[in-house]
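Shared chain: chain A. Partners: chain B in the first complex, chain C in the second.
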Partner chain A sequence: MLKRSIAAEGLKLRHSRIWLILFVLPSLSILIGCANYYLNQGVLHQEWYSLWTQVSLFYGEFFLPILIAICCSYLCRLEHQNHNWNSLMAAPISPAHVFLAKLAVLGILLFFVQIFFLLLYYGAGKLLQLSSPFPLETLGWIFKGWLACITIASIQLGLSLRIRSFATPIGICLCAVFMGLGMYLLKLGMFFPYSLLTIGMGILQQKCIMGSENLLFIIMNLLFTILFSFISIYRLKNTDITA
Partner chain B sequence: MNAVVTTQKLTKHYEGICRVKELDLQVYEGEIYGFLGPNGAGKSTNLKMLLGLVKPSAGKIAIFGKDFQQNRTYVLQHTGSLIESPSYYGHLTGLENLRIMQRLRDVPDKNITEVLKIVRLEQQKHKKVAHYSLGMKQRLGIAMALLAFPKLLILDEPTNGLDPGGIEEIRELIKSLPGQYGITVLLSSHLLAEIEQMATSVGIISNGQLLFQGRKDTLQEKSKNYIFLRTGNNEWAQNLLQQKGYHPVKYKEQLRLANLTDEEIARINKTLVQANLDVIRIEEYHKSLEDIFLELTRKENNLC
Partner chain C sequence: MLKALTLEFFKLRRSWIFTMITLFIGVEFLWASLSVSIVLSRHPDSNGWETLLVTVASMNSLFLPILAAIVSSRICDMEHKGDTWKLVLPTSLKLNQIYAAKYGCSCILMLYAALLQTLAITCYGITKGLPPPVPFAWFPTFIIGTMVTSMAILAVQQWVSLSLKNQAFALSLGMVGGFLGLTGDLFPSAVNRIFIWSYYTKLSPVTFHFTDNSAHYIKQTLSLSTLTAVICVTIIFYLVGNLHLSRQEM
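This part shows the complex of A and B:
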């Protein structure tokens, strides 16, 4: 049943302009990051790692969270418009599957966005003629970043389900990301979902988190995702639908 | 006859205001049940509760003999619906919209072809729904509701926004559903004429309360016929008839009598003539369904 719901969610994205955003925002991050790197080569000596600090900062702390929030708002706006909640919630699909199908589609989209960003990073490094070997840690950052994306998506999706406005949840997301930076600096990043992206993608510290920390990171992501999904599903189940 | 929909004391409060009050609905298999009431009477709220879109404050819902809460998926699998305005994804074509519903309901491709034929949208299926006219959107909505050929079809104001030709077409379609596909239809309307022409059973609701429920012919029978009498001296005639045990009421220039058989009328006439009173006119007044509806709903409003 979940598979069918996911297929239905996929169909809704046809002829949609959301694809544009999925390509444009990572490209913008790379462009700005590369420009920064290029202009500050005097102080940035660590080649791939230095490039990563620049591109991932713009991507992970700004464009990616915005992208997640936009996708969530978009997926919900499809239902908020034209009374679609009525037909969706009167279909023989459990509220849990309605939510999880959307989260799954977001997971798939964000996976491709992460891969696309990785390719752009690689391409940019080659263009800038970085001579050291490509750091394999990046793969880990991309994957852990993806996990954090899903955590944030589970929250944003819940917000967008609730708030009919397109922009408000995106604004909330931006505020939360800045708060996340603060939490990260206070060493509380693991306990604030929006900081997980900073940790996972190795944005501020290019050390690869190890062993127990890795485990904590994965557990916290899982916990947050389950918790926020549960809240949204519970709400979807128990409140009146206004279409 | 099997009851398809049964509700027991179904109630819904919104912020302390009672929108639906202790509704006991009974819809039987093969019926076209017309849910009639003025705007804001609680029709949509009630239909939404039957689909689980609105959670009841109190009361029970059983559909196909099963408790709704415990069998939500089963019930919804066999129920098609069109609530409020039609639902659609404007950036997709009519066909793509149906494909989404097909995934959600897990039905074969041939159903899509068939419902497109039924609502006559085959020519427009590749057009974006945002560019559809209101009537076409409404027909697409009906197609989506029909897609799984459900046992129960719930339609909220199905002819809203249609032109007269379209109304006629949809009306004929709805009337054919029980016979052709074995679908029980529960529809709402604030237009009496519509219910009168489509429904086999009627539920009249006003201010959240069910004022009448039953077969349409019962409702029509319920309509009391009045006899209006006009005589040379109405006061004298009234006294005389009261002595004979009738209850004439003065009504403008006439006397009004309710519930008389033909024999009684003949006897009254004879009495008056024998008393040397001129009988000028004996008129029968048949109340239309509209009068009954207005009377029922008005009485309700006066009580508040």
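This part shows the complex of A and C:
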């Protein structure tokens, strides 16, 4: 049933042009980051790592979390229209499958966004004629960034399922992202879901988290994802949906 | 017309929009006050009020375009979501009146945000013990500059939010606008002049320039030519949006 629910979510996204936003926003971050790197090559000496600081800063701190919020709102938009919640909740699908199918589709979309960003980063590095070898840590940053994306998506999806407005969850996400930055600076980033993206993608500190820190990062992501998914599924099961 | 405007607020009565704006401005101000505290602890000789106003104006370049996108999207999306255009249009109100009422409503909400910021600036300055007197003379310039820029952004956002049912595009535009607003000053002046989102700092009573690795604050009066240019842009976007919508099948 879950497979069919995921296929149904994919069907809803057909002809939606959401891909336009998914591809334009990472491209914009890369463009600005590369321009900044090109203009400041005098002080940015670490080639691939310096380029990463420039391209990932705006992407990870600003564009990606809001992109996740937009995708979550978009995935729930159809249900909030034309009393579709009534049809969906009356269908023989469990609320858990409704939520998990949406989360899985988000995971797939965000995976493609991360891969696209990686390809753009590689292409930009080659265009800028960086001579040092491509750093393999980048793959780790992309994967850990994706894990953090799923965590944020589980929260945002819960908000978008609950709030009928398209824009409100996005506003909440922006506020949370800035709070996350504050938590990261206070060294409490591991305990706030919106800071995990900063840690995972090595945005402010270009070091790959290792050993116990790595394990803690993965555990915290899993914990947050399970917790927020459980809360959303529980609410879907036990609270009346306002269609 | 006033009735149409009242009706827009009536539709918003359970949307918690004032609470949302208050929270949004609260987070922005929290961030700005942290930044000001760090600057003042490192440079105790710098003028606190100037630092505070410049920081809030810079933060506005990022936050207010997104807030404008959210406000405009909420006001316009309720008609799309409830499919209420068919109910609204046969009433005695003309489409351009509804368009004006929605625009007026979003402008009032943004004015609330600007007033809230001014109040927060005053309270923060007094409680933090910034050197008196409180620069009340700067506040009208700050509010006018913030509002004129927000009105230009709202004209664009309302056009997009009403023309496209999918609000993802309107909010993405807001996000890109916020980003351009924040980074606008890094572009050459010929380029950044076309970014309406970056005018929060240009129309602020205090601005700053980096020379010799340090920031120098410059007091400025509202430039009449800049103000006229932004108002002209607002009128153009408003009229184009109104015209485009009147030719669309709702």
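Everything below uses one rule, namely that the second predicted complex is superposed on the first by the 243 of 243 C-alpha atoms of A that agree within 3 Å, B and C clash if a C-alpha of one lies under 4 Å from a C-alpha of the other, contacts with A are read in each partner's own complex, and residues count from 1 in each chain.
Convention: a residue touches a chain if its C-beta (ideal position, glycine included) is under 8 Å from a C-beta of that chain, and two chains touch if they have at least 3 such contacts.
Because the structure is predicted, anything quoted here is derived from the model rather than measured.
Student: Will chain C clash with chain B on chain A after the two structures are superposed, or do they fit?
Tutor: Overlaying the two structures gives chain B and chain C room side by side.
Student: Look at A:Q81 in the shared chain and tell me whether it touches chain B only, chain C only, both, or neither; answer first, second, both or neither.
Tutor: A:Q81: touches chain B and chain C.
Student: After superposition on the shared chain, which partner residues are touched by A:F178: those of chain B (first), chain C (second), both, or neither?
Tutor: second
Student: Looking at A:A167 after the superposition, I want to know if it touches chain B, chain C, both of them or none. Which is it: first, second, both, neither?
Tutor: In the superposition, A:A167 contacts chain C only.
Student: Mind working out whether A:L227 is in touch with chain B, chain C, both or neither, as first, second, both or neither?
Tutor: A:L227 contacts neither chain B nor chain C.
Student: Please work out whether A:L128 is in contact with chain B alone, chain C alone, both, or neither, and reply first, second, both or neither.
Tutor: A:L128 contacts neither chain B nor chain C.
Student: Per the contact definition in the header, classify A:K12: touching chain B only (first), chain C only (second), both, or neither.
Tutor: first
Student: Touch check for A:I241: first (chain B), second (chain C), both, or neither?
Tutor: Once the two structures are laid over each other on A, A:I241 reaches chain B alone.
Student: Looking at A:L204, would you say it contacts chain B, chain C, both, or neither? Reply first, second, both or neither.
Tutor: Neither partner.
Student: Pick out the closest CA atoms of chain B and chain C after fitting on chain A and give their distance in Å.
Tutor: The answer is 10 Å, the least C-alpha separation in the overlay.
Student: State which residues of chain A lie in both footprints, the one left by chain B and the one left by chain C.
Tutor: 16, 81-82.
Student: Give the list of chain B residues in touch with chain A in this complex.
Tutor: Going by the criterion above, the answer is residues 48, 51-55, 72-74, 76-77, 79, 81, 83-92, 96, 99-101, 103-106, 128, 144.
Student: Mind pulling up the chain A residues that touch chain B in the complex?
Tutor: Per the stated touch rule, the residues are 4-5, 7-8, 11-12, 14-16, 78, 81-94, 238-241, 243.
Student: Mind listing the chain A positions that touch chain C in their complex?
Tutor: 16-18, 21, 24-25, 28, 32, 36, 58, 62-63, 66, 70, 73-74, 77, 80-82, 164-168, 170-171, 174-175, 178-179, 182
Student: Sort out for me which residues of chain C touch chain A in the complex.
Tutor: 15, 20, 23-24, 27-28, 31, 34, 63, 66-67, 69-71, 73-74, 77, 81, 83, 166-169, 171-172, 175-176, 179, 183, 186
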